[in-house]
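Same chain, two partners: subunit A is paired with subunit B first, then with subunit C.
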Partner chain A sequence: MDFKTINTGDAAEVWLTGRLEFTDHDRLSDIIALVEQSAARRFVLDLSGLEFIDSAGLGMLLVLQDETESRNIKMIVRGPAGDVRRSIELARLSEVITVEF
Partner chain B sequence: MDAARYDCMAEPAVRGFSLLRDRVPADMAARVVARFAGTMQDHLDEPAARGGQAGGRAVETLLMERADHDRLRAAFGRSPFLTVELGEDADERAAPLDDWSGASAADHPDLPGFYLSLTTGTAYGLQCPVLVCDELARRGVLEPQRRSNVELCLHEAVANAIVHGNLGLSSAVKGEPGGYRRFSEMMRDRLGDPAVTRRRLDIFCRWNDRCVAIAVVDQGGGFDTELAPATTGNKARSGRGFVFMRTLASRVTVTDGGRCTVLQFDR
Partner chain C sequence: MAVPALSLSDCRVLIVDDNEFNRKSLALVIRRAGITDIAFAENGREGLAAVDRFRPDLILLDVDMPVMNGLEMCQALRRNATHEQLPVLFQTALDSDEEQVRCFEAGGSDFISKPIKPGECVARVRHQLEKRKLFNDLATFRERVQRELSHARAMQTSLLPEDRRLAEVADRYGLTLDAHFETSSELGGDFWGLYPLGDGRLGLLMVDFAGHGITAAINTFRLHTLIDRFPMQHMTPSQWLAQLNVALNDVLPRGQFATAFFGILDIAVDTLTFAAAGSPNPVLGTPAAIKENGPDIRLLDSAGLVLGVSRRAQYVDQSHRLPRGGFLFLYSDALIECGGDEIGPLGQDAVPDFVRDALARDRQHPLRPMMDSFYARTRLPLRDDLTAVWVARRA
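After this line comes the complex of A and B, so read on.
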């Protein structure tokens, strides 16, 4: 998985590409470091360019939700499509995370 | 060397040999029976699958010292029954006697299927489920509309085999505060241990007109199969892999004390 960051002032945005899976735990730490440094009140995780997510990757989204929530930052998962959307729907993640399809 | 006869010396990356299935060591055969009995057998016994069972004893096999994406694609392109990565410092003459489970394929070499045996160090990050699904599609077994679900199930089985099986990591630590960092450190530690990374991950695909079966076998400590969740809470940090498999596959069977997961997909 690769990611790039955009700071819109209002929100810190992280755009993921590639595959988010069990081999990406190290990258999760990098993204959490961005959350820790951010002054924005919104954190947008854009998944529109992500091709695949596995159950470990879904667990990482929940860790990010906890990390943002504990800092009073609103996390929004945006634009999951294809296989990524299928996995998010199968896991019913939108019941606990704000997902904008 | 008792169990193998070298046919030819092809290019250095990939060497062909034949496994002689009547010389598979008894202890290996016993382990294979423990892993696959009752799961692969049901569809192997069907009349449609028995057609070419009377073939010769030799099983076409490719050995490679180190597997990577391109070498595996090239090896699959030659349509061998068994593809085996020897791994670093492995003794190629002893390889057929190692604890990879190719013996089960050698029992019915004329039935359609293929077998891939990799070291954990190679399988980690190789995305072998993608390669295996590509190969199933190339052999006309996996229709495009079913690919996505099969690949996700296989991915979850392989991830479990690598992380919880061969690397011996428990997801429990992820539930602790900051647990993701600790989990990440533990994974790096295990991946740096040659005794761990040389453990094998085997993927065995078989099919007939009605069903595709994919077995994923690891060499870890196994787990209590009663604890594999059929459902999980939507806030749980782990356990979704089995839920995905049970939702998307026609049948999921776990044998050999948790070291073998067999996914079956009706066609």
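After this line comes the complex of A and C, so read on.
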């Protein structure tokens, strides 16, 4: 998985590309560090460029939800498509995370 | 960072040199570094014999010697797998680039320059011996961890139904039951079980904890304890799953969760009732109407909030006809997510055809051809745990 960040002033945005899976666990702390540094109240995780997510990747979304919630930051998962969308829907993560399809 | 120097007093060094003066001065130098266990040889052939007899931790090797030179001796050593890691320090003239290349090509680990400079010699010997010690320590540690992992693996496998138990339950309910279980990295997060509930009812559970390895495996042990605490008899699958979810929510750290399928097969009324929490879509097969050929095969909806994420999660029961001749196929996500080098993963949508093909090859036990074609297309070792369970009602 690779990611780039955009700060829109109103929100910190992280755009993920590639595959989010078990082996990416170490990258998670990089994204958490971004959340910690950001002054924005909104955190957008854009998944429109992500090709694949496995169960460990879904777990990372849950960890990020926890991290943002505890800092009073609103997290939005945006634009999952294809297999990624399917996995998120199968796991019904939209019951605990705000997902904009 | 300062690392305390390891003691070299228990290290054994073999000095191979045809020149007596060189042998003595080298021994003198390394004795000062605390190495007392030293053996000598005068040429390559004697050197090889001494390696077998003396079992050195390091060899100081001259290049030009009669009978067998140092390069030949080193090459002979490297051909033997036992001595692949044994450090060999050649004594060479530092200004000869060509000779140094030949020494490396022969399998040398490093050089000490001639004439011998005591400081450099001790430093290089120490460096090689310390590296060897650390390597051996690591190898021993790795062996121990491997041993413990395989014990844990045996424990984990003992949580799953044994073949004898499968046969018992199959006969009691008039079923064909076949199961396959393989973990990715010694330990896994998959679990499945069979629970006879009386009155022709059979509980079927499959759970997959996110990730794999030790953390996931510990979660399967947790799960096993929890299952015993919640009787299944007087509950719908959705109620039982909701109860399990609350319990897992209390014990699982954040970011960890499980997908699950829990169904009750009731053979008296030919019905499967199940609730699911994000497991891969199970495959249901029912005998087709007379004019059609194969069975009617379809994927069941198994969406549901994964277990252990929210105490408030609710699950939904679905009921489907599962008459004699019908079947249910359950599997973990490895089946559809693991691919090979040339061919991608199977994917969810291809599973019905995957089952159909296997049925064409073995109508009674299609799990075997399914696993054959999965392993034929998949790169090993598996990146995730694989569980697959075939439950068919005998016609």
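Everything below uses one rule, namely that the second predicted complex is superposed on the first by the 101 of 101 C-alpha atoms of A that agree within 3 Å, B and C clash if a C-alpha of one lies under 4 Å from a C-alpha of the other, contacts with A are read in each partner's own complex, and residues count from 1 in each chain.
As a convention for this text, a contact is a pair of C-beta atoms (placed from the backbone, for glycine too) under 8 Å apart; a residue touches a chain by one contact, two chains touch by 3 or more.
Quantities reported herein were computed from a predicted structural model and do not represent experimental measurements.
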Room on subunit A for both subunit B and subunit C (clash or fit): clash
Subunit B versus subunit C as contact partner of A:90, first or second or both or neither: both
Touching partner for A:19 - first (subunit B), second (subunit C), both, neither: first
Partner chain in contact with A:60 - subunit B first, subunit C second, else both or neither: both
Subunit B versus subunit C as contact partner of A:29, first or second or both or neither: first
Partner contacting more residues of subunit A (subunit B vs subunit C): B
Set of subunit A residues, in rising order, touched by both subunit B and subunit C: 22, 54-56, 58-60, 62-63, 83, 86, 90-93, 95-96
Sites on subunit A touched by subunit B in the complex: 19, 21-23, 25-26, 28-29, 32, 52, 54-56, 58-60, 62-63, 82-83, 86-87, 90-93, 95-96
Complex interface listing, subunit C residues touching subunit A: 208, 210-212, 254-257, 259, 278, 280-281, 302-306, 309-310, 313, 333, 337, 347-348, 383-384
Of subunit A, residues touching subunit C in the complex: 22, 54-56, 58-60, 62-63, 66, 83, 86, 89-93, 95-96
Interfacial residue positions of subunit B with respect to subunit A in the complex: 124-125, 127, 148, 152, 155-156, 159, 162-163, 174, 180-181, 183-184, 187-188, 234-241, 243-244, 247-248
